[in-house]
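Each chain gets a letter, A, B, C and D, in the order it is written, and its residues are counted from 1.
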């Protein structure tokens, strides 16, 4: 098992799909849909909660949300794999872009999009 | 910097948000919305493509999609952090559940949901 | 022009797609993706707003959101059309189901899902 | 009952929410989340289907999808109402914008976004 969780998950998901002969289903288009579907399940847990309630989930809900987040991650990792995208590299590049778009002195305490700072 | 990409990203995002005083915005509810919004941007790249086209993106589109996947990962990691969920652990648990729900002999070559296998 | 907005929109969208020879793109699968993508754009307007702010949009934002809601409606009407679903009928049936699931005396002042009332 | 389905649904949903004292839950922010959640349920029906399969649903699936489309419509109508947006008007305006963005001679047979035509 790899030292890095993202690579480990990528390899395990690849093996999982291959063992089940799911390659024909795992097109980028289909995986993008599955990803969005799982993200929709995440928000359903939060839609009627206040901000405060969302930060103080009971243990049962928190455990259920954790598995929904896992579903998002699994499809995200699988989608990146079939697109031959290194997810950790892409995330580091995006963080760098965000650091440039949201300089600390301009963005402090503001939720505005970068083109409005 | 951590050896594990998910922990590294979690720590960097936490510092990023703290430096900008974004704690009040980063409620689980808001981050769940941001996650779903980014997943929506991912699917927009694929909505008019055939399965084949989605597996053969031109380089410009693939690079754009990579950054959208990064956005999903960043919000996912941040959401897990504010919920105090270990994302890699949750993903491993979900993989185990999936392995039980989709035994190789029953699930081979089928896209049916586990309750229909 | 029809007296009923949903039928009018259905007919206009059908003519719009036919004039542009978009039938091959307008599969239910693709239209479902487009619908979800537009719903994602709607939430992006609200993700960093408090409940109170979301109810007091400035006029520019409200106008932008109105057009996003329109996008959702257009894809929803088009998707229903290609599936040969009468949207108004389906909505009336669902309202009836909801009335049974959420009786006034049990559901008053509660956001719980019907299976928890 | 109104002659126009959208106004009828708006009025019935308003009465439904008022009878249950759901005003505090029905903020634009929360309704936008509910809308996106329902759109996510729509795509889950289609994610593993080919384009052809998505256009030839069995009757049970088609009936289930119809009710999911109804859910999207109900939240969309309710969200427009609390934002004081006339949904049919907004849709007509957006159709006009689309007619300008996608002239027949340029857009025929192409799925490209208007800024690439």
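Convention: a residue touches a chain if its C-beta (ideal position, glycine included) is under 8 Å from a C-beta of that chain, and two chains touch if they have at least 3 such contacts.
Everything numeric here is computed off the predicted structure, so don't read it as measured data.
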Practice task
Sort out for me whether B-C or C-D is joined by the greater number of C-beta contact pairs.
Solution key: C-D
Handout entry: Rotational angle, Cα trace of chain A fitted to chain D, multiple of 5°
Key = 180
Problem - Whole-Å gap between the CA centroids of chain B and chain C - result: 25
Exercise for the section: Give, as an integer number of Å, the spacing between the C-alpha centres of chain D and chain C. Expected result: 2
Problem - For chain B, residues contacting two or more additional chains - result: 25, 29-30, 32-33, 36, 38-40, 43, 46, 48, 50-51, 111
Handout entry: Contact set on chain C toward chain D in their complex
Key = 3-6, 9, 12-13, 16, 19-22, 25, 27-30, 32-33, 35-36, 38-40, 42-43, 45-46, 49-51, 54-55, 57, 62, 65-67, 69-74, 76-77, 79-80, 82-85, 87-88, 90-95, 97-99, 102, 104, 107-109, 111
Handout entry: Residues on chain D engaged by chain B in the complex (per definition of touch)
Key = 29, 32-33, 36, 40, 43, 48, 50-51, 111
Problem - Contact footprint of chain B on chain C as seen in their complex - result: 25, 30, 33-34, 36-41, 43-44, 46-48
